[in-house]
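For clarity, chains are labelled A, B, C and D in written order, and residue numbers in each chain start from 1.
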Amino acid sequence: MTTLEQEAESLVHSSDPNHPANHICTLCAKFYTLGWVRFTKKGGSAGTGGGTSIRHEDKIYIAPSGVQKELMKPTDMFVMDFNTKEYLRKPQVLKPSACTPLFLAAFERGAGCCIHTHSQWAVLVTLLVERDFGLEACFEIEEIEQIKGIPKFRGGRENLGYYDRLQIPIIENTAHEEDLRESLEAAMEKYPNSYAILVRRHGIYVWGDNVHKAKTQCESIDYILQLAVEMKKLGLPWTKS
Amino acid sequence: MTTLEQEAESLVHSSDPNHPANHICTLCAKFYTLGWVRFTKKGGSAGTGGGTSIRHEDKIYIAPSGVQKELMKPTDMFVMDFNTKEYLRKPQVLKPSACTPLFLAAFERGAGCCIHTHSQWAVLVTLLVERDFGLEACFEIEEIEQIKGIPKFRGGRENLGYYDRLQIPIIENTAHEEDLRESLEAAMEKYPNSYAILVRRHGIYVWGDNVHKAKTQCESIDYILQLAVEMKKLGLPWTKS
Amino acid sequence: MTTLEQEAESLVHSSDPNHPANHICTLCAKFYTLGWVRFTKKGGSAGTGGGTSIRHEDKIYIAPSGVQKELMKPTDMFVMDFNTKEYLRKPQVLKPSACTPLFLAAFERGAGCCIHTHSQWAVLVTLLVERDFGLEACFEIEEIEQIKGIPKFRGGRENLGYYDRLQIPIIENTAHEEDLRESLEAAMEKYPNSYAILVRRHGIYVWGDNVHKAKTQCESIDYILQLAVEMKKLGLPWTKS
Amino acid sequence: MTTLEQEAESLVHSSDPNHPANHICTLCAKFYTLGWVRFTKKGGSAGTGGGTSIRHEDKIYIAPSGVQKELMKPTDMFVMDFNTKEYLRKPQVLKPSACTPLFLAAFERGAGCCIHTHSQWAVLVTLLVERDFGLEACFEIEEIEQIKGIPKFRGGRENLGYYDRLQIPIIENTAHEEDLRESLEAAMEKYPNSYAILVRRHGIYVWGDNVHKAKTQCESIDYILQLAVEMKKLGLPWTKS
């Protein structure tokens, strides 16, 4: 093993459970149990089934595509230099996640962790919004306590209040995951305070200032999306007006 | 460490799994698995996502806000003197739960343990009651075996019978959790035998004479609320008349 | 400890996981996880929340009421002599299950294990049958592969075929669980090949020739009841005619 | 033990978790937890409740019928010679799976692993297709991201694209599982690129070129079937036209 290879290896070996390479594995296993990430496909552009990425200082740790999420190992991780966008570590038999350009879009706006899931509640909400409010509409809900788990301003410390309306933009899906980047970035600009973007018939991207925030925001939003689907089954409206 | 600090520390260190500081951690992990507590927010008044508190003799143990419920540790606990309402122990980097005044309202009426959840069944039931019976109505159901898991009189040993009607009052949500106290106490007075109060669009508070009773009452009520939602999906009425 | 007490104790101590006292604990924990048994109430006649009993030769092992099902210990077991119906072992601080007379009714008809659950699917099916087919009707379903998991004749080795119709009788609930015995036995006589009886607004009793059969029959029936509820939500009929 | 018996035993003893005999046990336990396999029946032709089989070189490993799926042990496995179709190993007290001829039909078309489940979503989808599109129709869905988890051509490396329509044929159930073989093979010929076949009122067969692919394809398809059922509950169509 060359010195360069040894350096690359050392990036993913740590006994600290909060080291990014370990943390991603724990999160993926937890998300698998929650049914958020099911589908993995070896082979790059054809699609990946959810994923997680962490930015730690100037390094980005990315779960590969093609690995069963509940069996992910730290040595499966790709590591990228945030400044040069070059890979510092590439597991030989694995393919990088097709979500990588989308994760980068979040990191360039200050995110410390980005989570992509195929949550069924997310998919169903995008279909319900299209049917009931039209293709241009975003998902809107108000006066649900759990809304208070979502930040009010990107980068700020304040969360939404109970009487605030939560808005999550929806972008149209594309044939190839990496082609989502343009519309994802457009939505990030149009909704400068949003920490989440739904993808029609596909799933959701949620990010946060750090791993802890990304995880709890993802949980709060999934709770709200599930509640929203159940409300529709019972004929209950999402907003007051 | 000063003697005072050592005393404060000793309050939460015990090898007994039934010690309140340990018990709260076990309960929170279990509730997380059940999906009752998802959202945690660091920062006091903006809200917390469910919580648990135990009164043991003249001490009150309270889970903090801002800690992931499945990762709670005994050393995360706040401990308050029940008589003076002063904190005997405050973890430095954590914020006390915004539910604290609401837990106190239950303890002052004899409770030994109080549980607050954001159960989706609870939220949906409050919305269904409002739509079908009006803002002033409380949740009512009868002739369901599980009702027999709920006490008939506060402080008594008798439970509801199969032919009794279970009533759970509903209070309106407020922007700030601590502002619920007034209406919560009013509902406690109006329904002197209730061990649970629903909060519209928010969740539920359930308490019991001790930890065991609070947990099993919380489980029985959540079972009933879930059943009630499924009944509405199937067009089945909650009461006979 | 007297010799008699030592003998009583030895009834529930075994390192064999298939010993009835151990087996009941494993089953109860599994059923708790499945949400079949939630509610426990200390105090005899007021009700119990599901339970399990095993007959082994001339001894009957019965889970107590009032113990959290996921925390059941072998030393919590009641042991009864099947012939004399006298308790060989009674844990001092616990109450025997109110289901005991109902379990006995199954054992007297050859059962080796009897399981009682408050499965929500069971409760909902009893309500749907009453609404759609009337109070006297039993639950009927046909042409579902899982039906083949249920025996065709009590005590026989043959199971129902795919084209056979599964019938599960429904009895009316009573204020006190032990008062179910008369109608339970009447249903056992009227449906001499049934291994399960639904109790309206309450749950289900399932038994089997041995522990293994009782467990798999209970799982098959719960699968069918859940499917039946989902079919009603989607407007699909249970039978062809 | 004779030399022949020793050879038979050595077929199922390995410390490698990816050895087929171990792998089947891990998969069955996982599928039990997901609720895909519930019902087991000792006794051959009457039916089995889901199962798994792996082909490794010229040997086929088959989970027995009649064993609780979550408790399967490597020594419970049947091993068959793929060329001669003779058993190399038969556990004495167990019955071979009634799915065996159906698994063979997949292996003869290149499969490396075949999974049969009684998933409720599969059963409900077959009923919904019959009601809404007629007995001859197959299940069709399009523009759902998860479709990209399913191969486009049998034996190829390309997966379905987002704009491709997923088709899963449905065959009619028969009284005896082994009698499904003829129509299963007819469907395999009619849909030469399908890796899955639904069985009306029964469940689904999913296979893959190897264990990893069979498992992830089974997970992707179950995700899609669950989503399809939820879409029907909400009145959402499966296809655009």
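Just so it is clear, contacts are C-beta pairs under 8 Å (C-beta built on N, C-alpha and C of every residue); 3 or more make two chains touch, one makes a residue touch a chain.
Please read these numbers as outputs of a predicted model, since none were measured by experiment.
Novice: State which chains count as neighbours of chain B and simultaneously of chain C.
Specialist: none
Novice: Have a look at where chain A meets chain D and say same if over half of the interface residue numbers show up on both copies, different if under half do.
Specialist: Different: fewer than half of the residue numbers at the chain A-chain D interface appear in both copies.
Novice: Since chain C and chain D share one sequence, what rotation angle in degrees maps the C-alpha trace of one onto the other, as a multiple of 5?
Specialist: For the C-alpha superposition of chain C onto chain D, the angle is 90 degrees.
Novice: Name the chain whose C-alpha centroid is most distant from the C-alpha centroid of chain A.
Specialist: C
Novice: Centre to centre, by mean C-alpha position, how many angstrom separate chain A and chain B?
Specialist: Spacing between the chain centres: roughly 32 Å.
Novice: What's the distance between the Cα centroids of chain A and chain C, rounded to whole Å?
Specialist: Here the centre of chain C sits 45 Å away from the centre of chain A.
Novice: Could you pull out the residues of chain B that touch at least 2 other chains?
Specialist: 233, in rising order.
Novice: Taking the touch definition from the header, please name the shape of the chain graph: line, ring, star, complete or other.
Specialist: Drawn as a graph, the chains make one closed cycle, so a ring.
Novice: Which pairs of chains touch one another in this structure?
Specialist: Every pair of chains meeting the touch criterion: A-B, A-D, B-C, C-D.
Novice: Would you pull the chain A residues touching chain D in the complex into a rising list?
Specialist: Where chain A meets chain D, its residues are 35, 38-41, 43, 46-47, 49, 68, 118, 120, 123-124, 127-128, 131, 173-175, 199, 201-203, 229, 232-233.
Novice: Quick one: in the complex, what on chain D touches chain A?
Specialist: 143-146, 148-149, 157-159, 161-163, 212, 215-216, 219-220, 223, 226-227, 230-231, 233-234, 236
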